[in-house]
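These are the structures, in structure tokens.
Two complexes, one shared chain (subunit A), two partners (subunit B, subunit C).
Entry: the complex of A and B
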């Protein structure tokens, strides 16, 4: 437990800080309304005054915060309609919280009591930087989603969308995806290639991972290097080599050519995940099973498999997503008959720009969220099974 | 206790045969160390009476075999579907058999030609070129050769194409004279009889086999079918070139045209060869096979004809055949393997004086390699800058919060590459989200929207975003293992914020930075999709050039050479990664 001192801070510190934030917010609002300077000064004055009043005069936290939210929401609605109202509500909540968080000295709650003011400042500056990186990571994905409901054929937000006008939104790009033959064929191709490639990768990969995890494997390192290489070699080189070699074998442009290529690309993921699961596997269990009279096949399916299943499934999911997302190899090894979803998106992005791509992207994001959740749950289950603390 | 180092990873549970094996070895050593005269207990025996050592060794061998049997299917699968294609690509980067397959006789004759002398080689080389090119143009292979040589010297493609059309007309007058003199030279049956030596004659099957190989090498097809023809031994001795040309014609007629040899009139090349050989004065006096009388009469006639001259004929078709450059190129690229593609890939070219740098206007690949390395470094650098604070934060927050924030890192990691690339296209376009926001805020003017896409900036931003999770995850797993008490100790000893970070924390996190950097660098150096979509012309990588050569310019050899160079760079980095991190320690998610 850290001993923390939470004490009200002097208004001479709180008011200027709040005013600085207010100036920034005011600048945004002012620019949008066509007068930056007025916004800047107005924002600083209003929020600074609010801080003074809340902390020195009224000091009723709950009531004042609600009042702030309501006032800002109304002001926002008057200035910019529904969207403005929402932005106003957010600003109101933020400033209400900020004034009391600073004024009551609550910001020091989780810091050691000996930290200097400068250190506190650095601490929060660091948090802000990290927050910016997180925003950088997640924004592109979040931006795609609302844009996919665009009623126009644009790649950008229309004024109707920004005003939250229902007429600015439509499902027409989704309708296009589900009715257009090109997209449906591509979806069907993806769905028929990925599972088979996954099954191949998982079947071969699991066996090999079990072999690799036994103590007495000669040439373990070179074998591992070969098996992991599809993940390391740049895709364009794999694609080029496969294109040359598969055309010699007559596999280029065939369904099986693409399936084999994708299986090869998925194998490293299966090997890595299953090997990781097997590290914690108690080998005496298989000996006990053999001792009790089970043959190796029974031992594998009744003892070993249930324990490593989470690893196998997450390896399979990795292999699946590899095949499902893969575009470079299929571009070369496949022909028009094997056009997959990513391929269709790639041509769409390069040639005819259609917002249907964004609808597809949103669907794919939804799929990856499902897969991510599954893998995460499996990982925790696996760690529980092996007696590690769930992370 | 054990003398041998254990191979393989230790699973640290029950004793294994290998442990017992080591025990037995130590035991034996102790026995040997005994003073002479002392009584030895003899070898230790297993339950079935065999020496324990042997029995244990057998058990170990069985285990090894079982492990290998489990790995074998996958190993074979990867070797066939992945390693073999890579090996094939490496082979293609030096392979150059097309010249010697298409023009075998010319290549042979050219060997002795000195490229430093002025002009073209002599009549002899042109004669071989005629016979080679005639066959190649019948098989429609001369354009392929032209395309291949065009990569080395522009103009050769059209040269081969046009001369391939004209090659039928060489020796036209002489052939007309031959056919006017005696109509039998236009009769399929007469030719067939003459060349096959009639029923029951001794056959020259070796010649047929030779021509089968020649045509198979030329076209890449199979010429093993039964053709119902073999040249007579007598005529093949007497008129070897005519017999060779006729055999090639016979094979081609049966296999490619699916006709019967005896019902087709032979090619002009056969007649040209006959006229040449008769004029050269072969001694027909001992010949009594089919058509002997006609041959003798014709020999007298052709002696009075104008000689067939190949060099002037080729020069008439295209005067470029008289230039030194063409022949230098053909001679330089006649060996079955060439370093030419690799030299091209580093902006050099083959010359008779050895490799030389290309003129500056034609240099592109070194610049592309440099750009690829530079941009990969910038991307790796920005990933370190952005990833380090985030990894630190994740490693130092309470588990529950860290797991929540981890989703923000893992979600992009799991999202389709194309989704993220299209998102960046949407964001960075001139009419895109970022520009719109900046215009709305009044930071930039509506007329002067920033160009952030189709250049290096776009590629760097998008790829940094795409590869950032690959940097954060290894850093995070290393930072999790750094005990926070070290920094606290440093602080309590009087270190400043900066010193305690730089001297205590940072050195411990370096392995994470190293692992992440190599991973990101390896991935970015071979990226294709993102630069292709957001890179425009200035933000593309070497991989885009490889793809261009495979699918558009069809210069596969050059694509393979560029790919091989890239592969070597990546393998060196892979090796370094293995040394630093170990392949076994790659973690996902």
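Entry: the complex of A and C
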């Protein structure tokens, strides 16, 4: 939707801005080629000159943009093979678009006509910073994924991989994960510990949340603080404490010890999410239910539970992920017989850098994405329900 | 019905026990602690699998915790709950554990098998029994590897440890272990100290400063490593030109992973690795641990391990039995750190010196690193 009439901008503004972006892109390319300074200066000069030529000399948008894409793609291909060609294509598209977007003044189209230059600047700076934060967070995770298809046994992008040669890729690390006894044992341990820990955490956490949200319970805040503490106290301290306590009880190094420890870590998540859902829960429903002759247990399962279920489930998912991803406590409380996936990855990273770890990481990221998507869908459902429940 | 079941079960157990060489007084599960990676794999293939074939009902669990064995054994001792049966540690850790009473003192001739020609175990292992608790397994060395494709054209590949300091002839990053041991010795050696005087010099504050000054020459080009897998990764990446690590790791990079990496055996530092049995095991578990160690350290088993990794067996009687690599079929003899061609110029880890000076030199080294 255009709300401002756009007009071309002076080249004295457009060329330096494009050159600044060009300098940044040139810095990346130059560093990859081994000369940062040359890349920085070269990028600025080339893109600045392009802006001048496109806007002042030729002024044929469609043709020039296609030419830019083609030229950058070829240059990228010459510098870095197929992968370089793809990066070059993206850069070419971006700079072609940027020059005309700035030069024609299109960037103001969606902003109100009265915004000052400074406000426009902040508007886009904010977007760039958000994008940078996003890239900063997501890149380490994304880099791991192609590496897990490496045909070599090292964390290295081989020349074959960069040339997108199928021989540089293989599924052998996934095969290793699914056939290696160590990894399968670890997977099995994780899969048998996490659900039980989740069930315990959900049961206790939900009960605690319901109790703590009734007004007649004394010392609600201190009790809440104690129950939440596993989330706040540094893990290593909980772990060392559990180690000595469980050793006395004979639970250290047993399956149930790890399950209990993970349940304790998961409880705070359940308490927090269920307490939050209970805020929107209408107490008069329980009174109505009692008035109709239901005892508290029936009331809980037939009236309260269905309404707070989204909170319970999302708490349970967090508890599950906590147990599934946890490495510090299990290193203390577990023995080698309870070696979980994160433990196996941890020792694997230290003793033997094998891309199998990356294959497992990719699988775990996929699982986490599925679980978090579920949480988000449940949260939306909960909001919808809350909107419908009588306030 | 129940009685029949019980009878059947006990019959089955008796049969199983009889076929498994009277396992009845031994625990049926065992936790072995080792270093993970290719080394643990070689132990699994050479020791644990044949042992398990003899005792099919035995449950063997591996724990890759040798790196923090001392700390964990202390915690287990304090908590009164020892969960490990046999622990693989380097000799210096074995000495510490023995001094602290966390490892069991053993009679080597009584526990271990004699050599096939009848030589007592203590003579067969000889000087390598550096502690009453320590059952030697392998001799390994810490030495340098380099990228063959990063050697500048027209120059000889590096062959001496002092080439690590020669940044002009061999430009590029180096990876060194993030601790003073070995680095200080190499630095003094390359600063012109005679080999037999290294520890005399290193015992003085001036000597320590001299070693650090020598390390200063390359400090800007050093990537510090702390896990044995780091240098192989850095070499494979081409991040470093030369790096120190354990010789078995380099063998794996060169022969098994086929990377363009070469060995430098000059001034390799020998060290020992072996088993200890923790103090405080129940009788059943102790019997199992002793039985396993007796089996796993006989002449043939130690020689078998060399089929999977290039570490030298600790028994003299095993050396002639070292054969070919199990998968690659190459002769393992020339890849052993103890092979005469590789062992022309070596250093032996000085346990007494480092036991006395470790804390002091560690502090200085860390302070120097932080500068």
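Convention: the second predicted complex is superposed on the first by the 292 of 391 C-alpha atoms of A that agree within 3 Å, B and C clash if a C-alpha of one lies under 4 Å from a C-alpha of the other, contacts with A are read in each partner's own complex, and residues count from 1 in each chain.
The rule is short, and it goes like this: a residue touches a chain if its C-beta (ideal position, glycine included) is under 8 Å from a C-beta of that chain, and two chains touch if they have at least 3 such contacts.
Everything numeric here is computed off the predicted structure, so don't read it as measured data.
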Next item on the list: Give one of first, second, both or neither to describe whether A:347 is in contact with subunit B, with subunit C, with both, or with none.
Entry: second
Margin query: Touch test for A:248: subunit B only (first), subunit C only (second), both, or neither?
Written below: both
Checklist line | Superposed model, subunit A: greater residue contact from subunit B or subunit C | finding: B
Margin query: Contacts for A:156 in the overlay, against subunit B (first) and subunit C (second): which applies, first, second, both or neither?
Written below: both
Next item on the list: Once the structures are superposed on A, label A:11 by its partner contacts, choosing first (subunit B), second (subunit C), both or neither.
Entry: neither
Next item on the list: Answer with first, second, both or neither: which of subunit B and subunit C does A:336 touch in the superposed model?
Entry: second
Next item on the list: Please work out whether A:371 is in contact with subunit B alone, subunit C alone, both, or neither, and reply first, second, both or neither.
Entry: first
Next item on the list: Based on the superposed arrangement, let me know which partner A:199 touches: subunit B (first), subunit C (second), both, or neither?
Entry: neither
Notebook entry, point to check: Between subunit B and subunit C, which residues of subunit A are contacted by each of them?
Noted result: 154-156, 243-244, 248, 349-350
Item checked: Complex interface listing, subunit B residues touching subunit A -> 6-11, 13-14, 16, 18, 60, 63-64, 66-71, 73-75, 77-79, 81-89, 92, 386-387, 389-390, 393, 399, 403, 405, 407-412, 414-427, 429, 431-433, 436, 440-442, 465, 468-469, 497, 522-523, 525-529, 532-533, 543, 546-547, 550-551, 556, 559-560, 563, 566-567, 570, 574, 577-578, 583-584, 586-589
Checklist line | Sites on subunit C touched by subunit A in the complex | finding: 31, 33, 35-38, 40, 61-65, 67, 75, 78-81, 83, 227-230, 232-233, 236-237, 257, 259
Item checked: subunit C-touching residues of subunit A, taken from the complex the two chains share -> 152-156, 182, 243-244, 247-248, 250, 252-253, 335-337, 339, 347-353
Margin query: For the complex, give me every residue of subunit A touching subunit B.
Written below: 28, 31-32, 36, 119, 122, 126-127, 129-130, 133-134, 136-141, 143-144, 147, 154-157, 200, 204-205, 207-208, 210-218, 220-221, 223-230, 232-246, 248, 260-261, 263-264, 267, 269, 272-273, 275-276, 279, 281-284, 287, 314, 318, 321, 324-325, 327-328, 332, 342, 345-346, 349-350, 357-358, 361, 364-365, 368-369, 371-372, 375-376, 379, 391
